[in-house]
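Both of the next two complexes hold chain A, though its partner changes from chain B to chain C.
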Partner chain A sequence: MHLSGASKSWGLSKVLLNNMVNIGSNMLLRVLLLCSVVSGVAADNDNTELQASNKPIKIGCLFPLAGPGGLYGRDSVEAIRIAEEDLKRLYPSISQTFEVIIGDTRSKPLRAVQIARDFIESKKVDFLCGVVSSRIALAVTEIAKEKKVFFIGTDHASPRLVTEALHPYYFRVSNDTRQSMQAGAQYIRNNYAKYVGTNNAKNNNKNDKRDDRLKIAYIGPDYDYGYQSWSDLRAFLTQKAVKFDVVGEYWPKLFETNYNIYIHALSDNKPDIVINGQWGQDFINFIKQAKQLQFFDETTVMNFDAGGNYETFADLGDEMPLGLVLSARHHINWPLSAENRSFSERFKKRVGRYPSYAAQGAYSGIVSIAQAVSNAGGVTDKEKLRVSFENLSIKLPEDPDGFTSRMDPKSHQILQAQSIGKTIINKNYPPASVMLGDWFVYYPAKEWPATINP
Partner chain B sequence: MIFDFGQLVLVKRYLWGSLAVAILPLLVIAILYDRHSSNLMDRLLLERIEGDLQTAIVKINSFVNAQHKRLDNLADLPEINSVFTQDSDTHLSPRLLDFLYLEIGDPDIYGIAFYNAEGEFIRAFPSWSEQTYSENGVYGNSNVAESELIQAVLPQSGRPGWFLIKKTVIRNQVNIGTLTLMVRLASMTEQTSPLYLRGVYEPIIITPDNEALSVVGNTVTSKDLLIESENFLPGWHIALQHIGKINKESDIGRWLLVLAAISALGIMWLFISMSERLARMITPLNDGAQAIANGDLTTQVPENGPGELGTLAHSFNNMSKQLNSMIKTRVYSERQASLGKLATGIAHEIRNPLATIRTTVHGLIRSETHPAHKEMLQVVNDEVIRTDAIVEEFMNYARPREPHKEFIPVGDVLATVSTLASASALETNVTMSITGDTSLVIHVDPGQLSQVLMNIVLNALQAMPEGGHLTLRTHREGKYAHLTVTDTGQGIPEDQLIEIQAPFFTTKKNGTGLGLAICAQLVHVNDGRMEIQSVYGEGTTVHITFALAT
Partner chain C sequence: MLTAIAIAVDGLGFAAWLFLSSVGLTLIYGVMRILNIAHGGFYALGAYSSAWAIGLYLQTGSTVAFTYLLIPLSAIAVGIIAGLLIERGVLRFMYGRDEVLMVLVTYAIFLILEDVTKIIWGTESLVAYQPAYYLGNIDIAGIPYTVYKFALIGLAIACAAVLWWGLNRTRTGKLLLVVIEDREISSALGINVTLFFTVTFIIGATLGALGGAVTAPQISVVPGIGAEIIVMAFAVIVIGGMGSIGGAIIGALFVGFARAISVHLYPAAELFSIYLVMAAVLAVKPYGLFALSERRKI
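== the complex of A and B ==
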């Protein structure tokens, strides 16, 4: 990993895990992960706070640990444990202990808001982190903004967090849907070249013959994440001169279980490709039901943000259809770098299975906080800490060789490579029988695309 | 042709009648059943649809009522009063925030908006949704405070639709502001999903503005409506529109009818085939009967018909054979009787005068001295003798004597005949030979057999005027002795071979035509068979068969 600041050694004193602690009105379940780190050596002059204080640095992480999305939260907690093991080695300059508190949001905004408020007001956390759903993240970031507490997003992906809802204390350390969709649009342009016109305003001239235009239908969850994904993809397709027609848009509820009427409607649209914006169990349920209806024989389904999660392949096993074009924010079989293999294998050794992409996001969140703290020399000076986050450059497991994740200082959105693959048979990662392969890799531009100009 | 009733009319009518009896009731039953089942299915389907429509209306009403209650609960919060008097930048109280987050935690709720008593927009929650929803002008609607109707915003490109319900907040009988709830439109349309039948019909919700919403909340073009419900909200109702055929059950009924028609056609084809086949099998019988009527008693018909038809053809052939045999026997008997009478007449009317003439001529010859006259009388006498011989031969044929059968070796008769004919054979340069098993014993009249063989041998010698070879052969064939007389003469033309044994048929200038007829008759009275085979230009073989003596 990339190290900044002075090199110091760390020692782990103990790890405590407390389960089921009531907060406020007994609605809150909490997992307390205490990472106590003891300094062993002298520090630089710039890091006087790091050396002087033994006050633990508190991080309050919000994840769903049960219910829909619960797997993401549980994997994130395990990844935080792995990160905690690495902190002592990576950031020896920090003498303070890290105390990571986990709050179970159960994917409900009210619970998330109450937990965040409790973390800030009662637990006096220095950082909020995590959050799987953008719907909940948008609520939590309001609290962070109001309370001037840093909120490090690890998993949610709506661009709204770094646009209309952006505030100085919010940073995101995983790619958002805008980056996924930018990569996806490029993938479509490369693979459907016959629909690419010249890059001018006439590209999407509706007078083109219907066969000359790519017929796209979209289905995504009915909340901001779904809207933003679809909006961004269409904008990028236009920007990239892809001539397309939208033949259908569908917005099933998040955590919907029956997609038959939506699949029938999509089928009736006869699209060339279907862009799917679902994630987690929603996407798995969609695949199961669509397969029953032979939907994958009719069209090509693409999911550029979260569909390529290992959870999908592990759940579906032999039933996973081939030929789907998917991506995720982390893959266990890409890149095949030592760091990524090590992360996946350590997780598997600890938990007994391979991680979902949320795990690497949570890991990134913790080590990014540590690096920012290390660079800022502590947590007291929030302005210094903000600058430290804005200039974050960190080598993460998901980074391919020769590439380092870096923060876009304007948008507070980290910039990472996005790889898209096709589902092919690969039994090297059981219980999955199908994994992604035939990779297309999209490297980020210098800045996060705050606006998408045609 | 099968439709031609001119020939075999009974068969065809019978078959067509059977066909009509088989098919017509089937068609009538099928049509009645189809109509009945179609009506039944339509009625059941309609009842089911009406039931599902009512269920959907109840569910939608329940859903909308739940949103109203949600709004009522919010409006009853004391903390909400201050929202209508604060500006949009003021922080909401934590307790109110909790309630608001609780409400927007439900995926059916997109947001909550606040308006003052004058209908002016104050703020929305969550705050980031303000811009999105205000783009559609909902918050800017100054009439919202007066409106009691649900206002729907249809799906637009990239955004789903929603509808707005509002609640005027009253405190101390004073209107302090209006609270609105933005509800996911698809959550209402999805309540109609039980009415969706893929490829057949789909439910649509018609808005007060006559916009049609599909089950997934998208706007669609309404057409070909099957049924419409009453309003579940003012101006809102559900309709079912065809997207395929009305009902598949009726289609199945029609398919069954088509199948019944096909099977009826199959039965017709079967009947026609059977009828034609029957006609094909009966026609030879008809033709055979016609031939017999025309005198051809040798007519035979094919006996390969199935069942009774085969038996009938066999009986027909037996009848034909027996009729032929009976008529031949009858003709023979009558001819013999006629010949007998004729012979008696000839004996009386010709032979007696001939005897008188002959006695007189004998006397005249003895008394005549003139040599020329004497020679003339001698010629008369010879002609009388020859005429008497002819009469004698005819009488032998007409009234053959009964055979005096004896057990004799065939060889004895053959030797006698050979001896008698040897002189004539020598004259005509014919070599004679006797071969085979001459020890075979048969039970015949030896005189008659000698007469038969002598006649045949003399005919053979006459057929070989330039010489040749005559073979008399005898051999055993099972229980029969088989005698053959084979010459190498000129043979008999095929057209004459049929008539050769008929009486008075002769090719000789001075023949009576009775020789072979008498031979056949004598063989017949001795219980034997005689057949003549000949190849014109090569020679003739006469086969005579008698039973061996046991």
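== the complex of A and C ==
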């Protein structure tokens, strides 16, 4: 690994990394992971380039290492180290080294764009990878499109990346919010069967009595993510013939600190279920304040995209209420496959705690790139590489036994199983005292739902 | 009916918080003619010091009741130290300068205070819900409210009453009113104007810190809360008339109820409603409801 050009050990670099993050250094942090995969294993003819060239394959990853989202970025860097170890085992035919450079975006779009340009123009990277925030991803993907460099999205989840902003060089290797909402709508349909009508009735039949319709209220952040999630969920509920009324929708700003007024308004609405579209500290703050007002005694709260992130459980400990219906893009305790347990435990061994959801996304990004390169026989022929990504089928830690993640060639969105659970007492993953259980698993359709037809 | 009650309680609660958070700002402007952007920094310092002190104290396993004393004590300590340092160390060299320059100076101080909070308490959120939990909830028309919320409403009323009494019924307060009316004449009459400036700034800073300190048990204290409050506080004092304590009360009620009505009846317009009220008031009364364009009032 290289840190600002000087070769260091990982242990030392971790200290330096933490120090740099702590003091808020302006310096671009570069972490070079060198995979010295000098293998004697014979490859097929397609791998001629891989065998012949010693030029490293460069991946430029963009993550926030400090400030909002810094935890996700730092976890992603650790997960990349785990991926590095696995590349040697999984792709021995790749004789070239992988060099992963990491830039600290600090969750700022302009800074991310500057780093991406530098990666492409100065560092000559073959791939851009990562990005936690959709807002930043939308900026970076434009650079990738302009420069014709592959951008492999790992954590951000806006459907815009694979619809209006889609281009031949963008692929995403984690589920997006639309897939989360699709799974959520199915969960509601299955668990509130008495509100399900026929496909012809849909949910707009105003002749239904009010008691025959599910009363839903929504609270989500006042920006694109919140609005998109809510719009998608309503569309999927309609598609699945769930009869529902929206009895309230609330839009606290991102990073709001006081939710009392919204909780009072939600109580006033008397909904059957409250859909929460928040994530991170916002969701934690909401839970703490809602619990104080005994809000969870009177209604069921559901959060299908990011509410079930492990870091939420770790932060809340035994304050986490039971009976919440939540999901996340990666769970530590689901699936209980050897791969997922190994990934989580290896991360814990390195860092001293379990990973946030973002870690598995970063891991997936690196191994997906390696597999696509392996299948394409190198990085020179971009068309071949694009086809390789489009046909990507790869076993990832979050895949349950018998299921393999696969890329949707039309949308460039990976298709993965989405599991939704209820919060139950589980002290096996400290400092969390409550984890998800009683799982509902939603397997993806053949294609990503580009349009949601009622 | 249920929604009307919810609007009334939430509106009053929000107005109380706004008044506590903005009264120091209007006091400083009224006396010193300084539009003190650093007020947001005092609020943040108060919130952080209060949450930190509560957490530290409760780690000893002691009773929660004492935290109600810790909250104002931490605000007073922070207000006196920060207020004195800033007024004596920076602002006194700027008196008599253009108001715009003072805005820039206090903005710079605000940015410094933002970093100071990060250096002292880090970037992770601090939570100190225990004082709010401890008082329990009260159920009004089926909706639970924290008793702490009503305690804050009471505190805001008490704070307004004490300020009114202090200004109108004490010798020092009356002298302060003279300073507000005309600094030069006051000085010629032998009033120590410099001392009044220093004391007023410390009181204003302490009120800002108190606003943050009493809010801390209701929120998660995170970096950036100072910037959040300064925008709202300006809306309040602009509506009420800059420099007017009575105006701050009315401005807080206007903004508080505008937000409560919007959240309960039309949530999408929540932020818009606050600034709509401000624009509407300024369209009719360009200097705010209780300010005269040619005279300063407090």
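Keep in mind that, in the parts below, the second predicted complex is superposed on the first by the 407 of 454 C-alpha atoms of A that agree within 3 Å, B and C clash if a C-alpha of one lies under 4 Å from a C-alpha of the other, contacts with A are read in each partner's own complex, and residues count from 1 in each chain.
By our rule, a residue touches a chain if its C-beta (ideal position, glycine included) is under 8 Å from a C-beta of that chain, and two chains touch if they have at least 3 such contacts.
Treat the numbers as computed from the prediction; the structure is a model and nothing was measured.
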Chain A as common anchor, with chain B and chain C clashing or fitting: clash
Partner chain(s) touched by A:Leu138 [first = chain B, second = chain C, both, neither]: first
Partner chain in contact with A:Lys288 - chain B first, chain C second, else both or neither: second
Touched partner set for A:Ile261, first chain B, second chain C, both or neither: both
Which of chain B and chain C A:Lys253 touches, first, second, both or neither: both
First, second, both or neither for A:Gly67, with chain B first and chain C second: second
Touching partner for A:Arg234 - first (chain B), second (chain C), both, neither: first
Touching partner for A:Trp439 - first (chain B), second (chain C), both, neither: neither
Contacts of A:Lys108 with chain B and chain C, given as first, second, both or neither: first
Partner chain in contact with A:Tyr223 - chain B first, chain C second, else both or neither: first
Superposed model, chain C segment overlapping chain B, candidates 163-171, 217-225, 253-261 or 289-297: 253-261
On chain A, the residue positions that both chain B and chain C contact, one per complex: 222, 248-251, 253, 255, 261-262, 264-265
Chain B - residues contacting chain A, complex: 91, 94, 97-98, 101-102, 104-105, 107-108, 126-128, 131, 155, 157-160, 184, 186-187, 190, 193, 196, 198, 214-218
Residue ranges of chain A in contact with chain B within the complex: 108-110, 113-114, 117, 138-139, 142, 146, 160, 164-165, 222-224, 227, 230-231, 234, 246, 248-255, 261-262, 264-265
Partner chain A, residues of chain C touching it in the complex: 2-3, 6, 9-10, 13-14, 123, 125, 127, 129, 132-133, 137, 142-146, 149, 215, 218-222, 224-225, 228, 259-260, 263-264, 267-268, 270-271
Residues on chain A engaged by chain C in the complex (per definition of touch): 66-67, 70, 222, 248-251, 253, 255, 257-258, 260-262, 264-265, 267-268, 281, 284-285, 288-289, 292-295
